[in-house]
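Chains: A, B and C, in written order; residue numbering restarts at 1 for each.
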Amino acid sequence: MKLSELAMAVGGEVVGADDVEIAAVATIDAAGPEDITFIANPKYLAKLNTTRAAAIIVAPGVSATGKNLLVCANPYLAYARIVAVLHVKAPQVRGVMAGAWVAPDAVLGTDVTIYPGCYVGAGVRIGARTILYPGVVLYDDVSLGADCLLHAGAVVREACRLGDRVILQPQAVIGADGFGFAPDGARYYKIPQIGSVVVEDDVEVGAATCIDRGALGETRIGRGTKLDNLVQVGHNARVGEDNIFAGQAGIAGSTQTGAHCTFGGQVAVNGHITVGNNVTVAGKGGLTNDAADNQVLAGFPTMPIGDWRKSALIYNNLPDLRKEIRGLKKRLELLEKNIEENK
Amino acid sequence: MKLSELAMAVGGEVVGADDVEIAAVATIDAAGPEDITFIANPKYLAKLNTTRAAAIIVAPGVSATGKNLLVCANPYLAYARIVAVLHVKAPQVRGVMAGAWVAPDAVLGTDVTIYPGCYVGAGVRIGARTILYPGVVLYDDVSLGADCLLHAGAVVREACRLGDRVILQPQAVIGADGFGFAPDGARYYKIPQIGSVVVEDDVEVGAATCIDRGALGETRIGRGTKLDNLVQVGHNARVGEDNIFAGQAGIAGSTQTGAHCTFGGQVAVNGHITVGNNVTVAGKGGLTNDAADNQVLAGFPTMPIGDWRKSALIYNNLPDLRKEIRGLKKRLELLEKNIEENK
Amino acid sequence: MKLSELAMAVGGEVVGADDVEIAAVATIDAAGPEDITFIANPKYLAKLNTTRAAAIIVAPGVSATGKNLLVCANPYLAYARIVAVLHVKAPQVRGVMAGAWVAPDAVLGTDVTIYPGCYVGAGVRIGARTILYPGVVLYDDVSLGADCLLHAGAVVREACRLGDRVILQPQAVIGADGFGFAPDGARYYKIPQIGSVVVEDDVEVGAATCIDRGALGETRIGRGTKLDNLVQVGHNARVGEDNIFAGQAGIAGSTQTGAHCTFGGQVAVNGHITVGNNVTVAGKGGLTNDAADNQVLAGFPTMPIGDWRKSALIYNNLPDLRKEIRGLKKRLELLEKNIEENK
């Protein structure tokens, strides 16, 4: 594909030879004379001069003599789009393959693909062009939108609903029983979890990530939210739109998050709290209480990230701080003695 | 079902119309005129007056004019039981379905159900009424009790034994190799893990939760214990009866816990330690040493939760504490100078 | 097997009866008169006198009257090897079993075993003697070396490559999409993850552990590295040789580790950093920055483990430290007043 065609596709401007042929996208170090690469982070600008790439996607204001540049307002986004253009082919439609079990009353949209080893229960509805990779299990009455990708081994339990363009990575589990038990004297009595899960449009769920069904009512994942691998979402949580949960983060039951929240790796969010819009919790943080809009938090319990950095630095030097205190104590004792003697 | 019949079923007392018809259980906000709801937490008592529910399960001593109440000693437990009565139907017995592979010498109890895509190895024994959802894999010589539910994709490796009424959520893994390697100079030599796992009666294992087999001997999960999703249990751990492990908690190898322990989300329990009865570790805590009975711990390393709250509060204000110390230092220097000059 | 034969097999020396028959390996407490046991930790030496074992593997310098000893330089390693000799049988070769789906163009080595419910995609290559347990899914163009064991439900996505003797525990996921999204104004645009994963020889991957594919280029796990259960490896990470990751640890994208690193349970390693050789991070630690060779670190952010122990101890007594400071303050005020009055 010519560089000029890619520029058209992503809305950028060519500086240099716009008819250079581009075959692939590569990292700036690995790129060869048929590749396009990108610089999204200014600290890598020096590599502009050494890369062998046929063209480089850069932000406005960047120049490089003798290089072919594709100037885009958002180079990282342009890179992502060019990867999609050059490298992603529409998957082949294969229909219901031999070795898949599909209940007779399941309703399948046009051009669905169901690989061997899948199980599609009674009353299931699957939207157009959705693909179930091998070993996907849909319990009864599940509903999937159009253009979903369910990777191998993903499980959706009874009556859960996924919107359009939802992606489940391998082994994702939607709708397992919420963790609810009523103490019955010494033992625990299982509270039947009769709610469900609703996953809205454009959500991605990572590998082995678990979203539990509601005890009563729904657990809900808002439109456009992306959950990384091994994330836990407790029953009746309501995650807002365009949230990001990094790997191994967890959110306990009945908590609600606003739009555009970001939770770093291994973050824990307490149950039964309310998190505002645009709240970020840095990796390993533990959010125990309600959080107002527009904050960046860290630590456990969380505090504003700037404060956390200061506290963490002092923590790492607590022995010195204690020495300082003990030093003051000795000087104080000396003074006290001195004054006592001079009375 | 009439309210009076539900009262009989759960051992409560009706205040109000005992012939009102109840169709379903709902949350106090969502309940309509055919629903029963519950108030287990006194802070929601104000909602008694606004709920549209046909009846409300409450604790003794609560009253509300014009409302139908079901008074129970333990409202939360009564709610759980009523959900079971109204919403849970006995699953249909389906036998060994087409597309399931069952070894010829496997011994199946009466009324088992084995869905398509399951694999049942040689020498396996399955108790009466147990259900294997699609894609469950039982390696050779596994033994399952009666009335177990193994959800889609659950795996039980060779020779592991589950008691009666055990529930495995989707993707649970019982009996993977323990993590044991002997350093052999620069490299690691794999120690064959020839032990097994015993899961006692009434245990529930969450989605993608992993219980490793013993190196030699057993890993054991005590009767009635409930493990949430994504929990890790190391080889040769012995978890006591009626323990609770919340999501993403982990317990390392060869550790033993007493009865009625509770571990919050993302808690880590060290290997080779002994934990007493009735020990609770709050979320994100890290228990590194033996713990005596009847404690509530928090932090890492853990301390009594009251102490942790105080330390955490000071931690979050360490910069102020340091300022205070530096202030004292200046005043001390001033005094010292003052005294020196006045000698 | 005679003790003398075991001694030959593992390179040890018998003290006592070298013709005693050994049937099995057992723990020192459980061992009976046909078992061999071991003492790898000197703190258990007292049990030498009470064990009923037929023989005990010990380190040089240990003696015990009337006991049969197998003296080995590395008793733990000798134990591991004897377990392999006495307890591990070569698995039966079963070929492609009925109920497995194998693409016509897949290339299978000699003596492979593929259980029912497996899916082997187009262009896949599988080395000799490799075993796929039930429900394993290999997407198109996957390549597996010889003598691999892929346990039930393991998934390897398109074009990922595993070396020889690689073990995947149940539900391991190799090659799920890396977690990459480009902000597009308010929403996130998915960056197609077109890289792959390379798992080198002798790697073991724990149950439900996830190794994401590169965005561009590879994610790589070095020879001999062992990952425990529920571990997360982000896209384009490059884990060195002979690393150990304990349960629920995670390493974010584009980070590189040297040889012989060890990461404890629930450790988090930040993205885009470089970790040297022989770096250990104790359990629950969080490594945020580059780390030089030969360090043992702990805490979050990490510091040398000795310092962390000191800081953690002070943290647990912060209220006392504050009291000390407040006490000093009062004494200082008294002195100041005293001096002021005596001027």
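Definition applied: a contact is a pair of C-beta atoms (placed from the backbone, for glycine too) under 8 Å apart; a residue touches a chain by one contact, two chains touch by 3 or more.
Since this is a predicted model, take the numbers as computed values, not measurements.
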Exercise for the section: Call it same or different for subunit B and subunit C: same when shared residue numbers make up over half of all numbers used at their interface. Expected result: different
Fill in the blank from the handout: Note to self: subunit A rotates onto subunit B (CA fit) by an angle, in degrees and to the nearest 5, of 120
Handout entry: Whole-Å gap separating subunit B and subunit C, where each centre is the average of the chain's CA atoms
Key = 25
Practice task
Scan subunit C for residues touching two or more other chains and write them down.
Solution key: 117, 135, 153, 171, 208, 230, 248, 266, 315, 321, 325, 328, 332, 335, 339
Fill in the blank from the handout: Residue set of subunit C touching subunit A in the complex reads 101, 117, 119, 135, 137, 139, 153, 155, 157, 171, 173, 176-177, 179-184, 186-192, 194, 208, 210, 212, 216-217, 230, 232, 234, 248, 250, 252, 266, 268, 270, 286, 299-301, 303, 307, 310-311, 314-315, 321, 324-325, 328, 331-332, 335, 338-339
Fill in the blank from the handout: subunit B partner, complex, touching residues on subunit C are 25-27, 30, 74, 76-77, 79-81, 83-84, 87-88, 98-99, 115-117, 133-135, 151-153, 167, 169-171, 202, 204, 206-208, 224, 226, 228-230, 242, 244, 246-248, 260, 265-266, 283-284, 312, 315-319, 321-322, 325, 328-329, 332, 335-336, 339
